[in-house]
Every structure is written in structure tokens, then in C-alpha cells.
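Below: one structure, written as C-alpha cells.
We just call them A, B, C, D, E, F and G in the order they show up, numbering each chain from 1.
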Amino acid sequence: MILRAVFAGLLCLGVTVALGWAVLERPAPVENLPERVAAAMPESGVEHPITAVLLNFRSYDTLLEIAVLLLAVVVALALREAQPDRPEQMGLDNPLLRAVMAWLLPLMLVVAGFLLWAGAHQPGGAFQAGSVLAAAGVLLRLAGVTADWLDNAVLVRAGLALGLLTFLGIGMLVMLPGVPFLTYPAAHAGTLILVIELTLTLSIGLTLLSLFRLNPPYADDPDDARAQEAPKP
Amino acid sequence: MPWLDLLLGFTLCVTAGLALIARDMFRAVIMFIVFGLLMAVAWVRLQAPDIALAEAAIGAGLTGVLLLDTLGYLRRPFGSRVDNPEDRS
Amino acid sequence: MSGAISGYLVFAWSGVLLFGLGLFGFIAHRHIVRRLLAFNIMGSGVFLVLVGLAQDGRGVDPVPHAMVITGIVVAVASTALALVVFRRWYRASGRTDLPEDT
Amino acid sequence: MTEQRHAVDRASRVGVYLLRLGILLAVWWIVSGSHSDWWFGLPLAMVAAALSLWLAPPARFLLRPHQIPQFAGFFLWQSLLAGWDVAKRTLNPALPLQPEILRLPMALPPGAPTWWLMLTITLLPGTLSVRLNQQHVLEVHCLDARLDVAGSVRDTEAHLARLFGVQLGPTEAGPRQ
Amino acid sequence: MIGLWSLPLLFALPLALGILSLLAAPAWRPRLIFIGLPLMAAASLDTLAGLVTAGPQVYRLGDWIAPLGINLVVDGLAVGMILMTTLVTGLCALYARVYLRNHPTSTSFFWPLLWFLWTGMNGIWLAEDIFNLYVGLEVMGLAAVGMVALRATPPALAAAMRYLLAALLGSLAYLLGVALLYSAYGTLSMAGLQEAATSNATTQVALALIIVGLLLKTALFPLHAWLPPAHGGALTPVSALLSALVIKASFYILLRMWLMLGPEVTPDFTAGLLGVLGAGAVFYGGWMAWRQHHLKQLVAYSTVAQVGYLFLFFPLVTNTGPEAARLAWDGTLMMLFAHALAKAALFLSAGNLILAVGSPQISHLIGISRFRPMSLFSFGLAGVSLMGLPPSGGFTGKWLLLHSALLSGQWWWLIVLFLGGLLSAAYIFKVFRMSFREGPQIDRSVTPPLTLDVVALLLAASAILIGLTAHVPLHWLRLGMAFGAV
Amino acid sequence: MNGLLETVALLLLVTLVLGLIRIWRGPTIADRMLAAQLFGTTGVGLLLVLAELQQIAALRDVALVLALLAVMAVLAFVARVWRRHPEDGTEEDPPA
Amino acid sequence: MILIELLQALLLLAGVGFFLVGTLGILRFPDVYTRVHALTKADNLGLGLIVFGLLLGAGSVPVALKLLLVWGLALIASATAGYLVARAARRRGVRPWRARNWENG
């Protein structure tokens, strides 16, 4: 154990020193990518450079990234089916908490929508909006609110797949005039990106939520659900 | 000198170090959540509000909850010897 | 390297240190959740290096920003997947580390 | 008969929905700033309002708008006092604390007014709501039992009663320790 | 422009099929291969036709020019890997369709994972952008981890966990290298980097990180610990896919990185060090394989050993004559292809043998030669290629490497080639000796479905065939920029 | 003005560092969680100040998101971590 | 104008002061319940003062309202969090700390 720590320490020291050396000796780059991005912005269909990079210039990366996210859920689904679980453990069913959630969650929805909408011209975008959406779902579960439609496997899977399928479909459809994959026509780029982002937001939100849900939960603590607000003897 | 950035960078390293050396799992996870929060601030200092948004929602939010949930799953007697400092003596 | 250290470079250096620390944790620890923490810290270090170095002396660059967002998504997906597998493993074996790691 | 009631219910639901929609649209306007797009905000707020209706069906209690400024003033002043109180205690080397848990029967009707009370007193000087039991008795942790905690809670209750336009129910006088 | 339609299909189609098979009912998931496989084969062949008629091409995704957008590169190496992936994955899919029938329905998630894996691999073969390669690696890596975990038994979960940790560490090291390269050169495109890169500390550290990260994912000798449990413990078709293709992906990236930057910017000893590690892998892997008692563990350790041969490439192309370098290139790729086919065949036939005797222990194979001659024949045929006996692909590869070593004066690699062959022979014959021994009568040998045997035989036969007709693929593989120096 | 804002930001960061002590010392896990909650509030304040300092309006959105999610960690803690042992009903955190 | 800036400076510094006090409170106070007091009160006042300080410099109405919204959300969040922790502590039977000279126990 100590040997292992010493070894790890030496290795990390070496790596850190090497990295420091690399940082110090770094040459100044010739290529100026930010300038290229700025020059291409008018054709991108959005006004915010990061969204342009994520969903237009380098949208192929984003496509694969969403696939990674979906993959994690697929594995979680597979493992869940391999070892069926006891009923899912919900959260804390507290009336005050519920009341707070009833106000907080619509606000979160509006903020998620705002982040999605904002992505076109200021910081924000599908991923951020999706995470807020997922957080809303997680809060809902932690507050013990059940949503029946989340138990509908077909619906959930359709929701999971929606974003990626739309993205892929649009990427293929735009090829019809004979241009490469994912080449949005400049005139419609903004609309197409918005459609992609909208579906991606829903799918990312659902994906992150599923990753939380599909962890094998433990069975309900009997003492938790029933004796919520019972007076203590 | 950018004192704010220096202090932030230093705190980032300290929280990361503490998260890694903590013997109590829960302490480590809380340190990690704090680390995520500080990362969001660091992204702000790097003029990257997009990443700060993502980090605030993910690093400080969802990852933390996932880890806490896992800790609950492990159901270990987490640290904390006493609840009341009065009883400590 | 002349003149004052820019704020960006400070974070690049922090990133280097974070990567080193995370690597240490990743190798030295056996508890899987700790190793995942270390992985995430390493990842954050890499992202800081990516953005901090690219912007040092050149100003804001949107490309590494987009790359980091992609990287964060990938890191979250990996962490979540690892936790899923870890919980199954823990439930099946009652162990929090991997078998040959003693 | 039942149909009639149903219709009334529906009307009130629509009213509540529109009210919440209005609030959420205002939030959209606040959040999205100067160049907000209503074609995006309106459908979004409609969905959010529907969600809110699903989470919290129309309640019997409605805030009275004209009472809000007065309550806000009360709240701001009291939170200033609360912060000052905690600061005094923290910075005093002797740490003058005499915590106690009190049980106070609630005079406000169950539901939204009580939730507001529980959240509010947590932010007000020296009090922290801990637990509400089925007899509608609130356990309050107070920082210093020498203060008139029950009195300030009653005061807050009165303010909330005015805010919601409800009658305070009967309670036994004073804390039941 | 070649394959305007077929090229994006190479990664878009498996992605779409992956999503569809996630949506489909479990019973329908395997059936999607009857749509997918012909289409994938057609797309791959169309790409090959395009390459042969029009030469190497660059495909600009989104119609953006390289450092701004992402380019795909279609050269001989990429198309070769695509074709091999289509062949091996297609056959493994046919195998899995039958094989998984006797497994719980939860294993039907193999199908979405398979398609995602295919997406990731084709993405990697075509990528020209170093960050895109990272994302491709993650798609492939997570899909592979998921496949290992599919069995959901404790050993499978532990193996998957270990594999995941190794893969994550490897990706991070790679990504840090990418970050350093970007900070120094401001571009992510390989062509741009090749043009701009100079020998300096940043490039060297970046390349070192990238190499170490990829070595971890390739499971080269001291970093191989995750491989045997993952490959040996997974479901049989999964083992075959992982050993045949997945570890090749990180090697492939290494190869491209080396050709792009390696010799110019790294210190001279790097290539030699990689060669020595490869030699270590050949010896250690072979020795460990010989010591195994589980059949699939034996095959998995054989992968550790065989990966070592590929790393002889680095010393043989660095600072040697053009002829030696060309031979090393041909030889390494021949070894790579032969190993992919032979290892898939070996795993599948090992799986058939295990199905037949109902036990993974090698000692339980006693007398199996009389019951399952066909499985054993495939096993042997694949073994011939692994040992490097003529007329197999393994032989051709080793022969080319041998010539290259002689030509460049690095005769000591001959010892590796020779002893490695002997060790391979030792562990292959260990299995054979057991199966031909007459022990206590076994009469309850299960007969696996014919498809399983046929698929394994096809793969094994291809491993031999590729040796006989080596000049055709080798000619195609030389097309393109990848090895322009020669 | 900028000097003032920078000082304020720096002081807020110092406050955060002080809060680390409580997280480290505990002694109960609830105390650590409370300190983390404090970090959230301070972080919101810090982000708002930085939004003014760096003149990036979007930082207020970051603060907004942080404030919206502030309750999540505590809720997860209370609902999933700080609970009784289901099997034997003993407390995980026995009062000495 | 100068008056407004002065007031702004005052509010911001007071806000930071309350944050410091809240943190000190969390460090000094003896048990979970009292620490919740420190958290909910001093901190939210601190955030409130900072918000009002920034409010004076806010250029537009939506920005000002957004600042207030953030504060309101933080208020709700910490009140809820404080209540949840206190309630959980009570349900687990954590006894409140008592001063030594408090004889009414």
C-alpha cells in the first residue's frame, strides 16, 4: 500500500514536472482559429460563436458526444434488465417540500427553456438546458413525486432517442442537394439548429435523469414513507 | 498580479487535494461538490460563461447528487463520532 | 514567458497541478468512488489546461470552449456509467474496490 | 348539481392557470432580458404553468396583491434584524446562546399560509422551523429562549394572515413547553 | 467525389440502427442486422471502389475547411480498416444472433451496443481531427465496456469496471496531449499539425501523453492488466470483437500520430522503447497464455502477446531505409489484419468448444477431438496464423517484418519473431494435446448450432487466405497519404 | 468601482476558504452539508459580483441556475444519505 | 452620483461582512441547529445586501428584477435546506445543544 502511494507520488511528480516544462516551452501558434470562427460566423445561422462551433462547424463531434451519453443509458438499461430491482426508492414525501417544488419546478422549466433559446445569441444551449431539465426531474424524484409516464419504457426510450435521431436525420436530409453530411443551407441553418437543439434538450434531460433513475435503488425504507410527519412519542 | 485568480487557483488545488486525501467518503464527496462550484467560478474568470453554466448544472449539481446517492447506497457508518460537542469531552 | 502572468495562465497552471493530484489519487486509491472523484478532478485539470493555455496571450477562443463542453458531457456520461457498474458490482460482491487490487 | 360544481371547478382552474401563466410570463421577461421572443416564451410559459397546475392543484389561498409591499417591508426589516442578531452572537466571544426547542400550535390554516410561515420564520431572528406534526403543532428551534420567540412567531402569523386574507384559528396562549 | 452517400453512411447508419434497435422489442433487435449488414457491406465496398478509382480523398463535414470544421480522410489504411471491421463485425453479428438465443433477454442490449461500437470504430478509422478521435474513442470505449458488463455476473462487472477505469485514464492522457498540441499550434487537424509541428518540449510531452494513453488502451505489456479479465470473461462474440478490433483502434491512432509527428519530434530512443515493450509483450503474453487453465483466458493472453508484434513497427520505420520502412509497414498491417481475423476465429471456436463441453477449463477438453472436429479445426487454422506458419496471414506478416529487420540491420527483432512463434505454438498445442488425449469417456458433448461453427471457420479461413493473396490488400493499403514518405 | 468589486470578490473567496474548515472538521455529516450549502449561497453572490465586474450579463444566468439547484444537494443528502439503517433500525450517527 | 456609489460600496461591503459572519457562525456555533441559524440568516442577508448594492448600478429593469429573482430563489433554497436538515436531525433524535448555565433542562 505504501509502496503504491510512493510509486504514485513519484509518477505524478514526474508527470507534473513534465507538464510544467511543456507549458513553459510552448511555442506561439501560427494558426488563428478564433479568427476563422469569427469570419465564418455570418454563415453559421447563429450569433453565438460557441453554439456555432458546437452545432455547425464541429457538429459531428456533438453528434458523437450525444451518442456517448445515450450509450451510458443503454448500459444502465441492460444492467437493470439483467438484475431486476425492487421498487424504486423515491425521495422525501414532505408537504412543505412539495409546496416549494411546485413553485421551483415551473421556474426551472422556464429557465431551461430560456437557456435553450439563449443559445442562439448568448451563452446557453442544448446541453445546459438539458442539464437544468434533468435537475428538475431529479428534484421531482427526490421530493417523492411520481410521474407515471417515466415508467412507460417505450415512451422513455422514444424520448431518449428523439434528439439523436433528429440530429442524424437532419444531417442526412441536408445532403440531398449533393453536399457533405451536416451541411446546413445557410438560409435555414438557424431554424435547423434550433430544431436540433430543442430535441437535443429534451433527450439530454431525459438521458441524465435516466442515469440517475437507473442506478439500482434500494427498497423503500418503511419508516420513511409512512411516518413522515407523525408525532414522536 | 491577479490575486483573485491566484487565490481561486490555489483553492481549487486545495479542495481537490482534500477531496482526494479525505478518509471519510462523505467528506470527500462534499469537497468534490465544492470543487465543482469553484470550477464554475474558474470558468467565469476564464471568460467562458457557457462552460460555467454547464459546470454549475453538472459539476455542482447532478454529479454531486449521483455521488451522494451512491454514498447512500453504500450505507456505511459515515464518520461523525458525535452529534453534540458537549458529549465529546 | 515575460511580463505579468495573465489570469488565464494561472488557471492553466492550476490545471497542471489538478491533473497531477488527480493522477495520484487515481493510482493510489482503491475505492472505486474515490478513483472516480480523482478521474473527474483530472478531467477538470485537462479542461483548464485546454482553455487556459489556448487563451493565454491570444484572448477568448470559442473552439476550446466548445471542446470543453463536449468533454464535460463525456465525463458525466462516463462517471454515471461507472457508478451504475460500480453499484451492481457492490451489490453483487459487497466490495468497494476491485478484486486483485489488494 | 355535480355538473355545476364541476363547471365552477373548471372555471377556477382556468383562472388559476391564467394567473400562473401571467407570473411565469413575467419570469420569462425578467430572465430573457431586453430582447425576449414571445413566440418562444409564451408556449414555454404555458407548458410550465400546466406543470405547476399538475404539481399544485388550485389552492384555497390566494395572495392579496395590495398586502405584498407591507409584508415585504416587514420581511426585509426582520431579516436585517435576524442577520444583525446572528452577527452579534457570533462576534461576541462569550457566544451567548441558549437554544431551546419550543412547540407552538399553529393558528394559520394548514396549506400555503403554514408553508410560508415555516419558511419565513426560518429566515427571521432567532427562529428555525424544525417539524410540523399532524396536530398542526410546529416545533421551533430558537437561538435564545430568553427572547419572546412565541410572540414574534405570532406576529409573523398575523402578517401572513393579512397577506392571505385568512382568519387566525384559536390557539392556546403562549408556548406549550 | 467518392461515396458522397456511402461515406457518411459508414458511421451514420450504424448510429441510426443502434438507436432503432434500442427502440425495438428485444426479439426484433437481432433481426436488424439483416438490413444493416448488407447496407454496411455495400457502403464499405463503395468506399473501396471510390478509393481504387479516384485515389485518396478528404471529406469535409459540413462543408467547412479543415481547422474550422472536421475533415474525414479516406486513404488506403482507413478503407482497409473499414473493410476489416465490416467483415469481422458482420460475421460476429451473425454468430451472436445464434449464440445469444440461449442467453437471458437482457443480453439483447448487445445489439444497440454493437451498432454504437461500429459507429465509434468507423468514426476513428476515418477521423483526421485529433479531438474528433477523442470523441470516437469514447464512443467505442464505452460501448466496449458496456459489452463486457453485459453478462452482469460479478467477474464480468469487475472486469468491466477495470476496463472502464483504464479506458478513462487513457482518454484523459490523450486529451491532455491534444490540449497541449492545440495550445502550441492552434489547430486540431492532423494535416495542419504535420505542417506546423516542430521538435520542442511541448510537442514531446504532448506526444508522450498521447502515446501512453493509447498504449493503455491498446494494452501493451506493462499496461495490459485490464485486458485478460475483460476479453476472457465477456460473452464470446464480445471477446472476439474486442480482441480483433477494439484494441486495434488505439493502435491505429498511434500509428497515424507516429507517422504524422513521431520521427521528427521525438527523441531517438522512443521508437526503440516501443519496440522493446512490444518484445516484452510477446514474451510475457505468450508465457502467461501458456500458463492459463481457462480456454478463453488463454486466448485473451494470446492477444496481449500478439499486440506486441505490432509495436516492432516503430523501430523498423524510424531512421531506417525506405525499403525497410515499406516492408515494416506492409508487415505490420499484415500482422494486424491476420491477427484480427485469426483472433476472432480463435475466440469464436473457443466459444464453440466451451459450449460443447459446458466448461471453460482446458482440462475438460479431453477427447473433444472426436466430437467437435470442425470447431477444433477452426481453432487450429486460426492457431496456424497466430504461430506464423505458412501459408497464413501471420506468416506473411512475420516474413515481411523479418525482411525489414534484416534490411535495417536490427537483427535482434528476429529473436522476438522466432521465440514468439514458439510460444504461440506452445499454447496452441497445449489445447490440442488435451483435445486429442483419450481420457475418461465424455459422451455428453453438446452440439452447437452449425452457424457458430461455420462463422468461426470462415474467419479462420480468411486469416489463411489473406496470407495467400497478400499483395492485393497490401497494394490498397499503400494508397494514400498515411505513408507518403515511402 | 472595479477596485471595490474586485475586493468584494476576493473577500467572498476568502469567506469560502474559511468555510472549507467546517467541511473538513465536521464533526457530523450534516455540518459538512450545511457548509456546502453556504458555499452555494456565497458562490451565487460571487457570481453576481463577477457579472458586474467582468460585464458579462450571462453570469447572472449562471447565478440563477446555481440558486435554482442549490437545494438539490441538501435534498439528496437528506433523502438518500442521512437516514436510518433499514435492516436494524439503528442510527448511522449515534449520539455518542 | 457619488452618493449612489458610496451607498453601493457600503452595501456591498456590508454584504461581504455578513457572509463572513455567517461563515464564522458556522464555525463557532456548537451544534447542527444553531449552525442552520447562522446559515439561513447571516448568509441571506449578506446576499441580499450584495444584491441591493448591485441593484443600484443595474442598467435596466429586467436586470434588476433578475437580481431580485436570484435572491428570492436563494432565500427559498436556504430556508428549505435549513428546514430539511433541522427536520432530519430532529427525526434522527439529535439533541439540541444547551448552554451549561441553562438550568431548565
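The rule we apply is simple: a contact is a pair of C-beta atoms (placed from the backbone, for glycine too) under 8 Å apart; a residue touches a chain by one contact, two chains touch by 3 or more.
The structure presented is a predicted model; accordingly, all values stated were derived computationally and were not measured.
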Chain C to chain E, fewest steps along touching chains: 1
Shared chain contacts [chain A and chain E, defined touch]: C
Most widely separated chain from chain F, with each centre as the mean of CA atoms: E
Relative to chain C, chain with the most remote C-alpha centre: D
Of A-F and B-F, pair with higher C-beta contact tally: B-F
Rounded Å distance between chain D and chain G, as computed from the means of their C-alpha atoms: 17
Centroid distance [mean C-alpha coordinates] between chain G and chain A, Å: 32
Inter-centroid spacing, chain E versus chain D (mean Cα positions, whole Å): 63
Where chain F touches two or more other chains, by residue: 14, 28, 33, 35, 40, 57-58, 61, 64-65, 68-69, 71-72, 75-76, 78, 80, 83-84, 93, 95
Of all residues in chain C, the ones touching two or more other chains: 13, 17, 19, 21, 24, 49, 53, 60, 63, 65, 67, 69-70, 72, 74, 76-78, 80-81, 83, 85-88
Touching two or more other chains - residues of chain D: 27, 31-33, 118-119, 131
Complex contact set, residues of chain F against chain G: 1, 4-5, 8, 11-12, 14-15, 18-19, 21-22, 28, 30-31, 33-35, 37-38, 40-42, 44-45, 48-49, 52, 57, 60, 63-64, 67-68, 70-71, 74-75, 78, 82, 84, 91, 93, 95
Contacting residues of chain C [partner chain A, same complex]: 1, 12-13, 16-17, 19-21, 23-24, 27-28, 49, 53, 57-63, 65-67, 69-70, 72-74, 76-78, 80-81, 83-85, 87-88, 91
Complex contacts: residues of chain G adjacent to chain D: 17-18, 21-22, 24-25, 28-31, 33-34, 36-38, 40-42, 44-46, 48, 60, 62-63, 65-66, 69, 75-76, 78-80, 82-83, 86-87, 89-91, 96-99, 102, 104
Residue ranges of chain A in contact with chain G within the complex: 92, 94, 96-97, 100, 103-104, 107, 232
Sites on chain B touched by chain A in the complex: 49-50, 52-54, 57-58, 61-62, 65-66, 69-70, 73, 75
